[in-house]
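Next come two complexes, and both contain subunit A; in the first it sits with subunit B, in the second with subunit C.
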Partner chain A sequence: MVADKIGHTAISDIVAANLPRRKRKQGILVILGIGAILTAFLMLFILVSSLFFSGYHAFTQTHAEIDVFVDPEVIDANKLPRGNFRELLTNALIEIFPEVESRSEKTELYRMLSHGTQFQLRDMIVSDLSVIGTTVTMKVPLSDPFDQLNKGLIDRKTPEEQRRVNNQQISQFDRLSATGVISAPFNWNLLTNPDSRFPELAGLRGALIGSFWALLICFLLSFPVGIGAAIYLEEFAPKNRISDLIEVSINNLAAVPSVVFGLLALAVFIGWFGMPRSAPFVGGMTLALMTMPTVIIAARAAMKSIPNSIREAALGVGASRQQVVFGHVLPLAMPGILTGTIIGLAQALGETAPLLLIGMNAFITSAPAGPFDSSTALPTQIFIWADSPERGFVSRTSAAILVLLGFLIAMNSLAIFLRRQFERNW
Partner chain B sequence: MLLLNECAKAGVIGLAAAAVGAVAASARDQIQIVGSSTVFPYTQAVSEQFSNMSGAASPVVESTGTGGGMKLFCAGIGESHPDLTGASRSMKSSEYELCQSNGVTDVTEALIGFDGLSIAISRDNSADWDLTLEEIFLALAAQIPVDGKMQDNPHQKWSDINPDLPDSPILAFGPPPTSGTRDAFVELAMHVGCESHPWIKEQGLAEDSGWVKENCSRMRQDGPFVEAGENDNLIVQRLNADTTAMGIFGYSFLYENLDTLKPVKINGVSPDVETIGDNSYPISRPLYFYTKNAHRGVIQGLQEFIEEYMSEEALAPGGYLSERGLVALNDSDRAALQEAVITGQTMNAK
Partner chain C sequence: MVAAAFSVLLILAVGSYMVNLRAAQLLRNSGERLRAVAHYHGLYGFLIVGLPILAGLLVWLLIKGEVIQWLVVRAIDPIHLTDLTTGERQLALAEIRSVAGGRIFGEPAPWILEAASHLNRFNDSVANALVPVTAGIALILAFVARRRVGTEFHAREKSERIVMLLMILCATVAVMATAGIIASLLFESIRFFTQVPLTEFLFGLRWEPQIPLREDQIAAEGAFGWIPVIVGTLLVMTVAILFAVPVGLFSAIYLNEFASRQARAVAKPVLEILAGVPTVVYGFFAVLVIAPAFRSTGSTLGIDIAPNTALAAGGVMGIMLIPFISSFADDALNAVPADLRNGALALGATRAEAMLQVLFPAALPGIAGGILLAVSRAIGETMIVVMAAGLIARLTFNPLDSVTTVTVQIVTLLIGDTSFDNPKTLAAFALGLMLFIVTLAINVYALRIVRKYREVYE
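Then we have the complex of A and B:
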């Protein structure tokens, strides 16, 4: 009794003596944790804000409204779609700047408009022949240097020979601007146009569709195969050294650098099977190799978390193993499997290296019509733009990264939503 | 693992069969182009113009580097092989033999124009840079003649080479060995600089092109020369950050960034369209493309594409390729070239 009391006092003394130290340690841990989270957020903030500040310019595009007289003497309805549309546009500009006379000045003046304007005009005339002989008002994109000028990215104080626009062009632009025809609406071209060598026309359409096809193929391949493998491993395979070995192999496969899969695809799909280069179909197959281990691991984890009592109950009323799997385990595990798959697909969406190796970094000015047509994907499009000399591509590269990030956030949110909505606690 | 493999294999083979079938059913209607990253912007321009003007399927243009492009181009005849490759140097004899051995015998060579290699530095650098090729060689070669024999390059500052040059560290960002730009720089700047060195001239080694190639081709690895990868925009960013650093890249990148970068003069000449065109700027190189004549008339639109490439609108001075930085050929050379390429003259053995 006495000894007990002494022991008790001694312990409470020790506890009391240690308490401040333990509290301090816990406090430090909490502070470190908060610090870690803040650091992570700061990094994210720096990344996104630097992308935003270099990229937000690309979300608007400078346009001008000009009146174009579709001169029947220049455009012959019988010879369309051929015709000198450039002359029509030059004439329209000369209406505004009547003092321009020499040939070289006219060429300089015409450079104010985007190169694509003449094709825009052509398509308009071809689709509606009645405009020949009338004056049409067109809202046309300005070329990259003038777009930069309008956005204040060209410093007017730099000496003339170091600028992309000369003094005369600046004064012409200012005159045009003073008449109120210049506007900078949202740059839908960025999403709806295919790639172009002119920054003001370049868009992500080809890359978005290419990525869509690649991800669809990737999903169609990796999802059923992944689930099949997971079902066998989780529900049927005997637990022995071989299944351990398989588990280790799958985990290893999930950690193989993606460039290795790219080299494999280059040798096997393109080399042996003779599949086309740059096709989203091949890209999707390559990405499926990467995504499959992720799907297997996610599906196994989801199935493992289903309580055994459910299996046993089903078996108890006479269900076969196959009925247990497809009637009970798989439906219950589906939210977890889908979450894992979506996260795997989001990873695949951002994957660049394997796509570079199979030639999905090509320059193509049209969007693919199917998975066998050559195309780019979002990350490889970013890669191409980052390598382009024109200034306008600097902001477009950042804008394209923001679009990619937007898709990743959407996919990951969907995964979280599915988990929240359908997850059950046993 | 076995089952997994089996599943994957069955899936892959099934899909592969489907893919091959689908591809075989639809003949390729897109022109496929590979090759040098230097020729890439010009081919891009032609291909965009071609598909806009003709409404044909847009060509697939891939930037693989000169050597990689040659490998793909010479791999054989047929739909799965590219129709055209760009090159920032002429075809090597080994590549020519590879082509021949794979049945690619009827190839037309087209020299489309010249590209200047520029050495650029930030505009914030106050010095007025003017180097000779010999000074460039002494600054960047791995081994240079010191005290009568070839030794590791000891120079750390420009003023070590010539007291008149600024007292700032030697630092140059340049292309990696896989790049055609690097080949051209070594050949046009390093070899010529090497040959003009007085000691090498004295020894009679300057005439020995084998010796020059062997001893003057290596760039130094101890820091002052940095291989910066194929992305020239990254080099431009580095130069803006470090005002003493120089960058080596194609003239088009300098041209697009003239507001922040200035050229380093070579032998007193700074690169621009005129000096590159008349060869007074010493490091300019020819640009080529190669095309398979067996594909003409088989691949839809190839002949028309080549005609667009050869049109005056594209190639002439003031054409849309020169707007992108290509330095055009003179009138008579151009006329001969257009004639030869449009009719599809077979190139001579290398």
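Then we have the complex of A and C:
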């Protein structure tokens, strides 16, 4: 009895003695866990904030309002759309900077304006011939170095030879700025212009339309085919070798690296079938192969969650098995299928590697008119701009990424909304 | 023309539905008993008209180019083509096509001009014939379907059989895609291995795919040994896994055992966001932030670090893999029966001890499977390494060196103009085949581990 009591005390003493150490260990584990989660949060924060801080500049574009005299001696109404529009613009600038005289200085002065300004002027004159001989006020984009100067991205203290604008250019810009004609409105060109060699003109129009076509093709192929496959596998397929083979193939397709789909598309669609390169149609077909497993898996899960009592009730009043599926199971499963499909399409929108292999990284300065025209897509455009050496493209790339992320957030929010709205517990 | 053909097809198929529906309704209204409701008679008409012609149109679109080319070649006087090599023949055909498209450079030979006019003529007649032929066949099929409408016709069973065949066809698309991947990779790889011996590819220590384009061009001979490339891939993968596994596992342990409900509700979606970011974005992030940060850290320490190190590429890839590993580990921990945890706690274990000594070992096979899947993802990941890793294959194990990976080589070899007859292009397919085999093997093995261990607890 006494011994028992002693033993008991001894054990509780040992436990009591060890407890702080064991609690400390637990504390370490908790701290490590919180540290790991904070690391992930920090990474996401750095990712988003760095993209935002480098990208928000591209959402505005420095413009200058200048008065251009459309000189009838330079522009001949009969020869339009040919004409020396550049000279008009240079003359307009010389009005502001009368001291500029030498040819090289004039050329230098013109560089202040975007390369596309002359075409803007041309289009304006061609559309309205009455402006010839009058003075028009134009809001023109400045070229990339001056755009950066205005946004404060060029440090004026760096030595002149390491700067992209020299001292004279800076003083000219400051004089222009002092007259109050410089403004930086929202850069609609980023969304409405096609790609260009000049950062201040480059936009995402071609990429957005290309991605739209590719996603549309991807949806039109993967949605019906995926649902058909899911219905067969979930509701009808007998348990045999063939349906096993189909299941294994679907699981494998979901795990194959995306670049391999690009190889498939290049060899089969372009090499063997002779489909056009760089076309959103081929891109959409490739993405459809990658999205199909997602749709199938989502559709099967959605149909599996429909209780059997519904099928049995329908069968009981004399429906055929297909009538059960198309009349009852499929409509009830549709919200779940749509949610999975939208998530799959969001993944497809961000997919880059297979599109690179089928040539959707070409430099194309016009938006595609249809799914068979050469085009880029949003992620490949990001890749092209990320590879461009001009400084201005860094912020364009970040801005394009922000646009892409915006679309992804919108699509995923739609999926979450659908899930919330139609979720049912049977 | 193609769009018009599809529209005509759709209109006639719907028309066939209406005609059959009406016919069946009239029959029923006249007091006859039908085997199926009128809707199914209509559906049968729709399917009979729509499906065969749709399939026919798609096949025609696929083979149209080849057929017309064959017709043109037949129309050309054979003297002009017999002496040409395959390449010259391709060139001649390309010239014919561009002349036919109105892009004439220089003075084409008369027979080319003639062939071009043939090509245009064939194209025109084919385009003009498409809609009438589609409409004609559709009308014949619609007539056949209309004839079937009757009291003895099992319209529902027939239609359902067709629909069932359609669904089976959909299900086999996945098999066909897998077969297509294997076939295309094998086919092009075999062509590669006829030019470069398999042993040289598998065991060669140099990867220099620059080959001379012309006979007299001065360039390296070109070497196709994949060892440096796969070593680079493994190096980047190792860096990524070494970063992602601790972070992913500790977050999973914390979220599974210690986090409050609110913390879970916030942390899980944030991790899912990391998983949803496209890889091209991670690639740009590596170039924009991580690589310069490593570089400046290196220069303050007095080490010269290349802008495209394995460390930068692997680190960013690790960020991408965090959510992957943490969600797999979380699932594996959740799959362990609660009895085990409760038993350990009842014996006086702290929650940390229950986690580390009971739950974690029990979940280990599932976690290992998840890590293996992450390894396979890291090996197959493309955009991050294309943007952040190097192009030159170097046999090194130093993560501060610039290395290249299998996927980088595939993309760089195939970007730009590709013709399917030089080893440079075909090498990409050989690498793709290797990538496919490796990732497939890892995936199959990992899934087997995960499934086997799940069954133990179910």
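Brief remarks follow.
Here is the rule we use: the second predicted complex is superposed on the first by the 380 of 426 C-alpha atoms of A that agree within 3 Å, B and C clash if a C-alpha of one lies under 4 Å from a C-alpha of the other, contacts with A are read in each partner's own complex, and residues count from 1 in each chain.
Throughout what follows, a contact is a pair of C-beta atoms (placed from the backbone, for glycine too) under 8 Å apart; a residue touches a chain by one contact, two chains touch by 3 or more.
Just so it is clear, the structure is predicted and the values come from calculations on it, not from any experiment.
Overlap between subunit B and subunit C is detected when the two structures are superposed via subunit A. When subunit A is checked against subunit B and against subunit C, the one touching more of its residues turns out to be C.
Of the two partner chains, neither subunit B nor subunit C is touched by A:14.
Contact with subunit C, but none with subunit B, is seen for A:29 once the two complexes are overlaid on the shared chain. In the superposition on chain A, A:249 makes contact with both subunit B and subunit C. Looking at the shared chain after the overlay, A:410 reaches neither subunit B nor subunit C.
Legend: residue contacts after superposition of the two complexes on their common chain; A:158 is shown touching subunit B, with no touch to subunit C. Of the two partner chains placed around the shared chain by superposition, subunit C is the only one that A:398 touches, whereas subunit B remains out of contact. By the touch criterion stated above, A:361 is placed in contact with subunit B and with subunit C alike. In the superposed pair of complexes, A:77 makes contact with neither subunit B nor subunit C.
Once the two complexes are laid over each other on the shared chain, residue contacts for A:320 go to subunit C alone; subunit B is not touched. Aligning on the C-alpha atoms of chain A brings subunit B into conflict with subunit C at a single listed stretch, 97-105, out of 43-51, 97-105 or 259-267.
In the superposition on chain A, the residues of subunit A contacting both subunit B and subunit C are 225, 228-229, 232, 245-246, 249-250, 273-274, 292, 361, 386, 394. Those residues of subunit A that touch subunit B in the shared complex are 81, 116, 119, 154-155, 158, 161-164, 194, 196-198, 221, 225, 228-229, 232, 242, 245-246, 249-250, 269, 273-278, 281-282, 285, 292, 359, 361-366, 372-374, 386-391, 394.
Subunit A contributes residues 15, 22-23, 25-26, 29-30, 32-37, 39-41, 43-44, 46-47, 50-51, 54, 224-229, 231-233, 236-237, 243, 245-246, 249-253, 255-264, 266-268, 271-274, 289, 292-293, 296, 320, 322, 346-347, 349-353, 356-357, 361, 379, 382-383, 386, 394, 397-398, 401, 404-405, 408, 412 to its touches with subunit C in the complex.
Contacts from subunit B toward subunit A in the complex involve residues 1, 3-4, 7-8, 11-12, 15-16, 19-20, 22-23, 26, 28, 30, 32, 37, 40-41, 43-45, 47-48, 51-52, 55, 57-64, 80, 123, 230-233, 252-253, 255-259, 325. Of all residues in subunit C, those touching subunit A in their complex are 62, 65-66, 156, 160, 163-164, 166-175, 177-178, 180-181, 184-185, 187-188, 246-251, 253-255, 258-259, 267, 270-271, 273-274, 276-285, 287-289, 319, 322-323, 326, 348, 350-353, 355-356, 373, 376-377, 379-383, 386-387, 407, 410-411, 414-415, 418, 420, 428-429, 432, 435-436, 439-440, 443, 447.
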